[in-house]
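You will see chain A twice below: alongside chain B first, and alongside chain C after that.
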Partner chain A sequence: MLRASGLVAGYERGKRVLDGVNVDLPRGGVRGLAGPSGCGKSTLARVLALLQRPWAGTVELDGSPIRGFRHAASRRQRTAVGVVFQQPRPAVDPRMPLRRVLEEPLRASGERGVPERVAELTELTGLDGELLGRFPHEVSDGQLQRACLARAIALRPRYLICDEMTGMLDASTTAALVRVVDEQVRVEGTGVLAISHDESLLHAWAGDDVIRL
Partner chain B sequence: MTRGPVEAVLESPEEGGALLDGPSRPLLSLDDMSVRFALGGRRAGETVHAVTEARLELLPGQVLALVGESGCGKSVLASALLGLLPANAWLRGSARVGGADAEEDVELLSASEQVLAGRIRGRRIGLVPQSAATHLTPVRTARAQLAEAVRELRGHEDDGDVDELAGRVGLDPAALGHYPHELSGGMAQRVVVASALVGEPPVVIADEPTTGLDRPLVDRTMDLLGELANRSRGVLLITHDLSAARRVATHVAVMYASRVVETGPADEVFDRPWHPYTVGLLNALPERGFEPIPGHPPALTELDALEREWGCAFCRRRPDTPGVAACDGTPELVSYGTRSVAAHPPC
Partner chain C sequence: MVELDSGRARPPGGGEWRSAARTRAGTARGGTGRARLRARASVVVLVSLVLAAVLVPMLSPAPGLVDYTSVRMPPEPGHPFGTDTSGRDLFVRSWAGLRISLLVAAVSTLVSTVLGSAVGAVAGSFGGWVDRLLMRVVDAINSVPHLLLGIVIVALYRGTVLAVVLSIGLTHWATVARVVRSEVLGLRNRPYIDAAISAGAGRWWVLRKHVLPAIVPQAVLSAVLLVPHAVFHETALSFLGLGLPPHLASIGNILGDGRAAVLLGAWWIVVFPALLLVATTLAVSGLAAGWRDRAVPTRRSELSL
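Presenting the complex of A and B:
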């Protein structure tokens, strides 16, 4: 379980974006998170992905409290939560071909069999293998988001935060990426938080398990 | 800006009585318009087929939604009409903008930068860009930016004009004193729509105007664009969001791998699609099955070979779609009354 209790969070000198938020994310399922623009969905995503330290409250990962965020989190904790953002372009280094985008987390964690895992991820996410040598500016948003999803699941995270993952994508690519994530839930037992403002998407993806912020 | 070599078709379309009737004269007509990019560097020799033989018409009162997957060429088409493509672009065919009151047609694809800047952009064609908040200059107020557009396009400076524009898009004139970062997403969207209207252009092109907005804001933006279409104005709406298109489009054109594969009145195309790609896109909607189209759109550099072999590029990706006519192998659009479709005649 990824559990956040009494979260208070915001940005420099700003007002509280999250004020006393509690969220539980169990393994092996998809939980939806809905809410209008500006309600704090993305801030919650950043805290749960251990990318932002909350002002108050606790985050617990499988029973252990998170003490450090960002680089201060332990590698084991950091790699236990994957995240995919709405916009793929700012989420990748424009100087890296897609192959390196996928390899980066594997190499950083000292994994063996990197080329094999890259091939597997390419297959899993339906990324066009011929595009692995291309740079981000040479591929479409849809293909780049597939690469971002591949990178997020490369280390088989126990939890995956999808923050408006399909917000910029067409209907077919949206449906395809949702299938990829569902497959991770089925095979790896991943716990997924699907964040979106699109109620019909969340209903089709998470059924009735949708929390509102 | 330099423009690539152009081989434009300059003959006027068939002279017919309908052309002289004010209301039915097309505001924008594309005839076999193609856009190619010659790649350089390590991919020298390759050619990107971004738009192939597009034929479309926009009439007054229409909201024509151009829909398709990311990377199918729809935004390139919009940029080409405004002369905003990079220098390695090649344009062929014809794209004419007509106007109200028998204003002379202008051939866009061969127009000089001087003509585009002085007579077209903002005056005959207004652009509502993607991501309103980043399109506005962050260091000046909304009012200052609208006033500049009024000065440029109307030749005078008048606060009354700015207030009137704000009123037309449902923006409180008091909000105009704010800087872009102080505006909500919806307000910023209204400011860019207002600035697209300054020159009273008969054609408004909205290029993915709702990306990243939440649903209520998408709906409001769509309604606003729908209201722009009137007796003397049409809207070309470029979007990947079928639900948004459905809300306001009177007509729809579906684009796949650089070609328009189906066109027609929006309700007919959405209710009874003829082309298997349209069927696939609609079935991918969360409320209609959530079923992705298998495979990928082809690389835009390989379309020539693909069409030579398969005729219809989509059938290579998905050979059999239940409920649509078998592929006849012709990639060109064929008209059937008010609708047209490529390769898969109505059945």
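Presenting the complex of A and C:
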């Protein structure tokens, strides 16, 4: 269980974006999180992915409280929660070909069998293998988001935060990526938090398990 | 009529065509046609200057050869640049001077760039009190005129090449540090840095794989721009008599020696060495300008967005 309680967070002093938010994310399922633009969905995603320290409140990962965020969190904690952002383009280093984008989590953690896992991830996410040598600016948003999803699940995280993952994509790519994530839930028992402003999409994906922010 | 014509020549949305064309044909292959030509011309000029500065003194008799029977000779076939007040051949002496000036400039630029990039990268990535402390040091160095500070450093170890190198190198890193730091600060909150952290990348990994590659173009660019500046500094120090020892012919030494001779009508003592200096400076900055538009991949990708 990834659990956040009493979260207060923001960027500018005195301007709270999240004010006392509680979220539970169990493993092995998809939970939807809906809310209008600007209500703090992305901030919540960043806190849950251990990328931003909240001003108050606690985050618990499988029963143990998180004390540090960003680099102050241990690698094991950080890689336990994968994250996919809404916009794939700023989320990849423009100097890295896609192959290196996919390899990054594996190499940074000193994993073995990197080429095999990259081939597996390419297959899994339906990323065109010929694009691996290309730079981000040479591929489409859809292909780039596939690469971002592949990177997020490369280390088989126990939880996955999809922050408007399909916001920029067409219907068929959206359906394809949702299938990939569902497959992760089924095979790896991942706990997925699907964040979107689009409630109909969330209901189609997560059924009745949709919470509002 | 005219408006119609110009309307047809322009793409919908004004300048978009141009930037798109630049992205594909221009930027990817090193700038627009004219900038590319300028960069190439600069390379040719710079390479020939450096080659001449290395070869001419090597293939000629010692540049320090004093000959009091032929002082202040105007340019003639035997002495294309004339001779100076001690009768030394200025052709050989000027090229030897350029060689030393360039060497001093290159080494001190290297010192500045490495030091500045390191300080800027550390200040930018660590933030907090480290950043504040380092930036106050930068402010302190920038608040004193560089030449003055350079003179102080040179005065401590008078008359050695190392002193001149250090006096230029240790006064110019602050500007590089500032540029690099702001670049790093801009990078720190990029989503791809977040993604890397989430993917388990440590601080060192992020610095090495994402931050350094991003600042290298900036650092190299400021280094290239620093070279002519350093040549001028060396020249200024030597001109003031504080730079290289007199037996080493640097451009500054030659100009310093020649400034009295100008009043005696020996214009060539100043003009030819100064021309070499100006040509070098122009070539280096032409190179930098041509290169600025070029393969900075971030810019390339941002253009194609």
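Here is the rule we use: the second predicted complex is superposed on the first by the 212 of 213 C-alpha atoms of A that agree within 3 Å, B and C clash if a C-alpha of one lies under 4 Å from a C-alpha of the other, contacts with A are read in each partner's own complex, and residues count from 1 in each chain.
We take it that a contact is a pair of C-beta atoms (placed from the backbone, for glycine too) under 8 Å apart; a residue touches a chain by one contact, two chains touch by 3 or more.
Please read all numbers here as calculations on a predicted model, not as lab measurements.
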Look at A:A154 in the shared chain and tell me whether it touches chain B only, chain C only, both, or neither; answer first, second, both or neither.
second
Touched partner set for A:R53, first chain B, second chain C, both or neither:
neither
Using the superposition on chain A described above, determine whether A:R78 touches chain B (first), chain C (second), both, or neither.
second
Does chain B (first) or chain C (second) touch A:R3, or do both, or does neither?
neither
For A:D141, using the defined touch cut-off, is the partner it touches chain B, chain C, both, or neither? Pick first, second, both or neither.
first
Taking the two structures together, which residues of chain A meet both chain B and chain C?
87
Taking the touch rule as given, give the residues of chain A at its contact with chain B in the complex, in rising order.
36-38, 86-87, 126, 128, 130, 139-143, 164, 167-176, 178-179, 197-201, 203-205
In the complex, chain C residues that touch chain A:
190-192, 194-203, 205, 209-210, 213-214, 297-298, 300-302, 304-305
In their complex, what parts of chain A are in touch with chain C?
46, 49-51, 70-71, 75, 78-79, 81-83, 85, 87, 89-95, 104-105, 108-109, 135-137, 148, 151-152, 154-155
Seen from chain B, its contact residues with chain A in the complex are 68-71, 184-185, 211-217, 240-243, 280-282, 284-287, 290-293, 296, 299
